[in-house]
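Chain nomenclature is as follows: A, B, C and D, assigned in order of appearance, with residue numbering initiated at 1 for each chain independently.
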Amino acid sequence: MDLLTIGQIINTTLVFATALIFASLGGIFSEKSGVTNLGLEGFMVFGAFAAGIGAHYAQEAGMGGTTSAWMGVLLAIVLGVLVSLIHAVASITFKADQIISGIVINFLAAGSTLYLVKLLFEGSGDSPLVQGFSKFNVPFLENIPLLGEAFFKNVYPTTYLAILFVFLTYYIMFKTPFGLRLRSVGEHPSAADTVGVKVRRYRYVAVMISGALAAIGGAAITLTTTGTFSHNTVSGQGYIAIAAMIFGKWNPIGAFGAAVFFGFSQAIRNYVQLFEWSQSIPQEIIFMLPYLLTIIVLVAAVGRSSAPSALGEPYDPGKR
Amino acid sequence: MGAATPVVELKQITKRFPGIVANDAISLQLQKGEIHALLGENGAGKSTLMNIVFGLYQPDEGSIEVNGKPVIIDSPNRAIDLGIGMVHQHFKLVQPFTVTENIILGSEPTKGLNINYKKAAAEVQRLSEQYGLKVNPHAKIHDISVGMQQRVEIVKTLYRGADILIFDEPTAVLTPQEIKELMVIMKKLVAEGKSIILITHKLKEIMEISDTVTIIRRGKVIDSVKTSETNPNELAEKMVGRNVTFKVDKKPATPGANVLEVSKLMAKNKEGIAVLNDLNLNVRAGEIVGIAGVDGNGQSELIEALTGLRKVDSGSIRLEGKELSNHSPRHISEAGIAHIPEDRHKHGLVLDFSVSENIVLESYYKEPYTRKGFLNFDAIKKQAKRLVEAFDVRTPSIETKARSLSGGNQQKAIIAREVDKNPELLIAAQPTRGLDVGAIEFVQKQLIAQRDQGKAVLLISFELDEIMNVSDRIAVIYEGQIVGEVLPEETNDRELGLMMAGSTQKRGTVHE
Amino acid sequence: GCGSKPKEETNAGGDNGGTSTEAKSDVQIGMVTDVGGVNDKSFNQSAWEALQATETETGAKVKYLQSKSDEEYIPNLNEFVKGGYDLTWGIGFQLADAIKTVAEQNPDSKLAIIDSVVDAANVKSVTFAEEEGSYLVGVVAGLSTKTNKVGFVGGMDSPLIKKFEVGFREGVKAVNPKAEFISNYTGAFDKPDLGKAAAATLYNKGVDIIFHASGATGNGVFNEAIARKKQGQDVWVIGVDKDQSLEFGDEVTLTSMIKKVDEAVKRVNKEVVDGTFAGGSENLTLKENGVGIADTSSKNVSPEVLAKVDEYKEKIISGEIKVPTE
Amino acid sequence: MNKVLKWFTRDSFILPVVAILMGLILGGIVMLIGGYNPFEAYGALFKKVFGDMYNFGEAVREMTPLIMTGLAFAFAARAGLFNIGGEGQFLVGMTAATFVGVKFTGLPIYIHAPLALIAGAVFGGLWAAIAGYLKAARGVNEVISSIMLNWIGLYLANLIVRQFLLLQGENRSVDISESASISLTWLSELMGNSRVHMGTLIALVMAVLFYIYMWKTKQGYEIRAVGYNPNAAEYAGMHVNRNIVKAMFISGMLAGLGGAFQVLGVFQYQTVMSGSPGTGFDGIAVALIGLNHPFGVLLGALLFGTLTYGSAGMSFAADVPPEIIRIVIGSIIFFIAAQGIVRWVLKPFYSKRKKEKVL
């Protein structure tokens, strides 16, 4: 394989990974605070939906392609935060089972976004095509061999944003008082409580950030890949994001690595088909590849994963 | 008296939980610079009361005054503002965090947006020096000893400027040395003008360190007395409402043949460090062997190896001559070893199972509890009823979830189950931890009864008193090795303490 | 997919009932979509548009039911059949077995199906010679490629999609034997992200024209092309089933391979309204104008190329060229 | 009599019922907002399901696999495992049943059909056991591994159908032999040709067996102990890892059997699928509605099946978009999970009841 192809594979990998990165970072915020988030898929769906209609109406209002795409992202954030409150209220205030509450989000997302699309666009099953983000080249850097092809040519702003968020998340989690408190709430809520950290408040904020980030992930899909929102825009990536988060041991850098790995194994599935020998293998085997690879890596590399201790437990100050 | 305003005054505090009045019009005064002990049986309502003072619970009735001013303590934050700090019975420490992170949590010094760890660590260092609380600011909690964890808890309260400190059973988890150190620390704290409320079941400690004792029974204050004007017997009687004998009374042992023989036992932990290092031990029929040692010297690993929960690398474990090392827990259990585990919530009980289901946790698969693969509920219930009665497990019914039993009753249920197996060897790990004197008496009597029936008993405890009073022979464990054996009547705290600290002056084997 | 279902969930809200003002006919026509749903920008949509057209033209009442999963085909068909509808359409080869079952159980009812042949007296089967239409767009691609590499992106590997691929490949080879042909299957009709990656892979390999037969997965193909076009790359997509330049713009849509599902459906509807409906099957080829290339092709395709297309079209119609299907 | 009354006024009965009502009301409100008439819509929905024998039979057909995947999720949940892989197990079970149904010929019906069912169950079980084994032996989180196995299962199913069972020129397998079919032809004819099959009966039996196994047998006791507290279970001499694998196997068997029903009872063949059917995921919802209890699962499947099957009637007769049903189901699960909200809504009634008691 030549350098050019390798660079291109990396490039495709990153496009696939972008949404996963956002969503798995979202998962990390929520779960580090002790709230299981099986609703990532739903948040992504809401985000993809909001991006689709947000960008559409912004375009209708005469905004340019990129500006309208950012409006879509903005709307995705707003909606992501709003619906994350459902998860928060149920699982934090009313102490519902967090797994169930996350699954509820997925149900509501599947139902309500399509319902709304139909109401807004006269019965249509998907939102109108929007321009979304454009690919761009970074001057000069694009000419570096391999790296240029991989990271600076034909890139989307969302990819850079995702990588920025990885470091931002890392910084917030491990360098700031907010991060320390957030993690303490997920590890030992009553310890946090007894030193005056408002457990529920931190969990609310964490879940809201989670909703926002996952929604940006969904928005990235609409605005870079599909151009419209329909029932299959997200199609299971939220679950892959959960896998990436667990795989990455709830660490932003780890989750980033896992998301890139998943992106890579998706990208490779197309490249493999370019080889003559691949014609003799049934396609299904090639399609299985990413998932098989994941299991193999899990078995080989990762031992027991280190979830936050209080993950999934509603905080009840009366209980010891 | 009367002249000085108490730093904390509780007036007629009542707190109800579903079905129980945990605190019934409790009044209490804490004077400045005093150590005020709170004494009461398991479930008497001590922790509840302190949780109210610390703002974790709200009282249903009554009021609180701090330094003469009425206050409403609606959150730990408020308590901290009022200068109240609490060291909880179960430590409130975030395991994967460092000592410093735990201490500063909630009031972190910052530089820009970042936490200023440097400043924080320096502050921790300063406090630890000022009060003689040795802590390592950079260690992770899961790497440090229980004693240090407790010192971290104390520093935590001091860091927040607490003047009023509440200690909920602080010594239950400490080794004798650590307890001594804690006493010194507490004295130092009151000398610096702090006031302390101390909850403990250990009358010796109360007599040694407190100024005042308040006794609570079933949520009510029975009495409040000056420590100097009372004695342990009086306290115990007030607390339990009957006479308690402290001296474990037992006949001299008549040991028979070796039941357990452990020789040259070696085991490594995940990091490859030897946790059991050429360990030799034997227990004979009709005797209680106590293992004395500082926490972390291989006690837990020894028990795990004996019960099949841990693989050993070499050496042998023989029960009545049969080799048992590296056998499955079930095999070992059937061979005749019973085990009262150290952590009753983690290992001893399935908290979401009913009492009766827990009673058959190790025998469920046998006749008559299982017939042809089906559970025989009549037999299970019968057995549960019998044991609940015989061992006085106080539970509303045998169908009650184990979770809702008090710690003492949970322990009784476990002991009932283990003793009823009629084992050749009974291993009891920390069997009285956190229990009140009444319950302790009961548990210790059970161990001795086993011995008197000619069984072998291995007792692991951090309570030197317990080791001294109950054992017939004491083996001292240090760094995964039995470094010496003594007879209780021939030794004393000091000598044992030295051996536990690794002083190598081995005395000759006592028997033979 | 994992978590989300391929259950496309679309259904015209309140406006799919027929409340025609000038009702001339009391005929009722129903249609059952496959899981693609009525807004699939493909045959379901074409068929539904045809039904609506029939409604306006003849006053017949039309209605559709959308299937959320394979199990629903039969109950959905039965809803119409048992409801006394005069004709019930099943759209897509996936409904073939369901149509057969229902037709046998209800010999007095009339049914029709697109894209598959069901052998029953009361069923009209309409199929299309996709390979012939694909051959023509292959001719366009073979003559228009500048890199001498053309690509094909398929959904699932199935006999139907193979017809597209093979026809296209043969068309390319016929006019440009030296052109390299690369195909890439995504394994799904509803995964734009996979379509996008497939397109990126092919374009990266130097392909400049991609023909897709992959349903909504093709959205990703178009999106990748649009993104590259904006970057100044000279890449094209050939649309499928309908004139996709109408949706994705003619900056990237070179041409489209058209299946005239709507006309066929309209025609059969008319037969029912007129009372001339008869079972049997018809395969609509270039000759019957059942397949073809989009009228808007002249925008991006040079007249010379279009002339060549016409040439080959004649050859196929005359039988001089027989386009293989696999 | 009094006992019956008591049962109906129990929290565990009232709360879910009120949660369901609240979900339906919320859905109604959403319909109103969209400009639809909720009464008409729900009327059409229930009329579709219970209006005639044909549709009722079809609705039962819809519920049957949901019972199985619901039971599968609930079973694993009792062992403390989150089996999100019902989807893959369902598909693998389906494929195994198809394989046996197609390839084994010349067997009498009383051997062939059971054999195909058993194959579906066993292979579904083995598929799940992979996740169980990876957890037990390697500590791999069962959530990730089963998500991956769902995808692999989908492609494996397609692979097998296309390589070994394909009907020439079509995108599906050849039909299974008649001797493998579990269709109830006589009943089907009675019910207007609706595709009722024996699987429904088996599903009900499975729910009962689930109950007996879990709460009445030694093995069930072990599984529950492991689910609640693996440490204590290990201490008590149970094989925690073995129980994890076993629980996953049984869970997968239930899901795989559900897949087998679809082929042997409903379709008689298997198509090449572009995406998995979603029955496994819906099973999670069914189990949650049923509070992970086998009999609850039956009720959950009844509710879920009624709503989804009826939604076609709702969109047909009242033109209401069927996705509204997902909102209704979502809200029902939400209210069941967040009982606090239901209690809060019921507060006025509760306090009244208490006062009456005092008097």
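Basically, a residue touches a chain if its C-beta (ideal position, glycine included) is under 8 Å from a C-beta of that chain, and two chains touch if they have at least 3 such contacts.
Quantities reported herein were computed from a predicted structural model and do not represent experimental measurements.
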Between A-C and A-B, the pair with more C-beta contacts: A-C
Centre distance in Å when chain A and chain B are each reduced to the mean of their C-alpha atoms: 46
Where chain B and chain C are represented by their mean Cα positions, the distance between them in whole Å: 75
Length of the line joining the C-alpha centres of chain A and chain C, rounded to whole Å: 34
Centroid distance [mean C-alpha coordinates] between chain D and chain A, Å: 29
Per-residue multi-chain contacts in chain C, two or more chains: 1-4, 6-7, 9, 11-16, 157, 187, 190
Multi-partner residues of chain D (each touching 2 or more other chains): 34, 147, 151, 155, 162, 275, 321, 323, 326
Set of all touching chain pairs, with the criterion as stated earlier: A-B, A-C, A-D, B-D, C-D
Touching residues (chain side chain C, partner chain A) in the complex: 1-4, 6-16, 37-40, 157, 182-185, 187, 190-194, 196-198, 200-201, 204-205, 216, 219-220, 222-223, 226-228, 230-231, 247-248
Partner chain B, residues of chain A touching it in the complex: 175-177, 180-181, 183-184, 187-188, 190-197, 309, 317-318, 320
List of chain A residues in touch with chain C within their complex: 5, 8, 11-12, 15-16, 41, 45, 106, 110, 114, 118-119, 122-126, 129, 132, 134-137, 154, 221, 224-228, 230-236, 238-240, 266-267, 269-271, 273-274, 283-284, 287
Partner chain A, residues of chain B touching it in the complex: 54, 56-57, 75-77, 80, 86, 88, 90-97, 101-102, 104-108, 110, 113-115, 156, 160
Residue ranges of chain D touching chain B (in the complex, touch as defined): 216-219, 221-222, 224-225, 228-229, 231-239
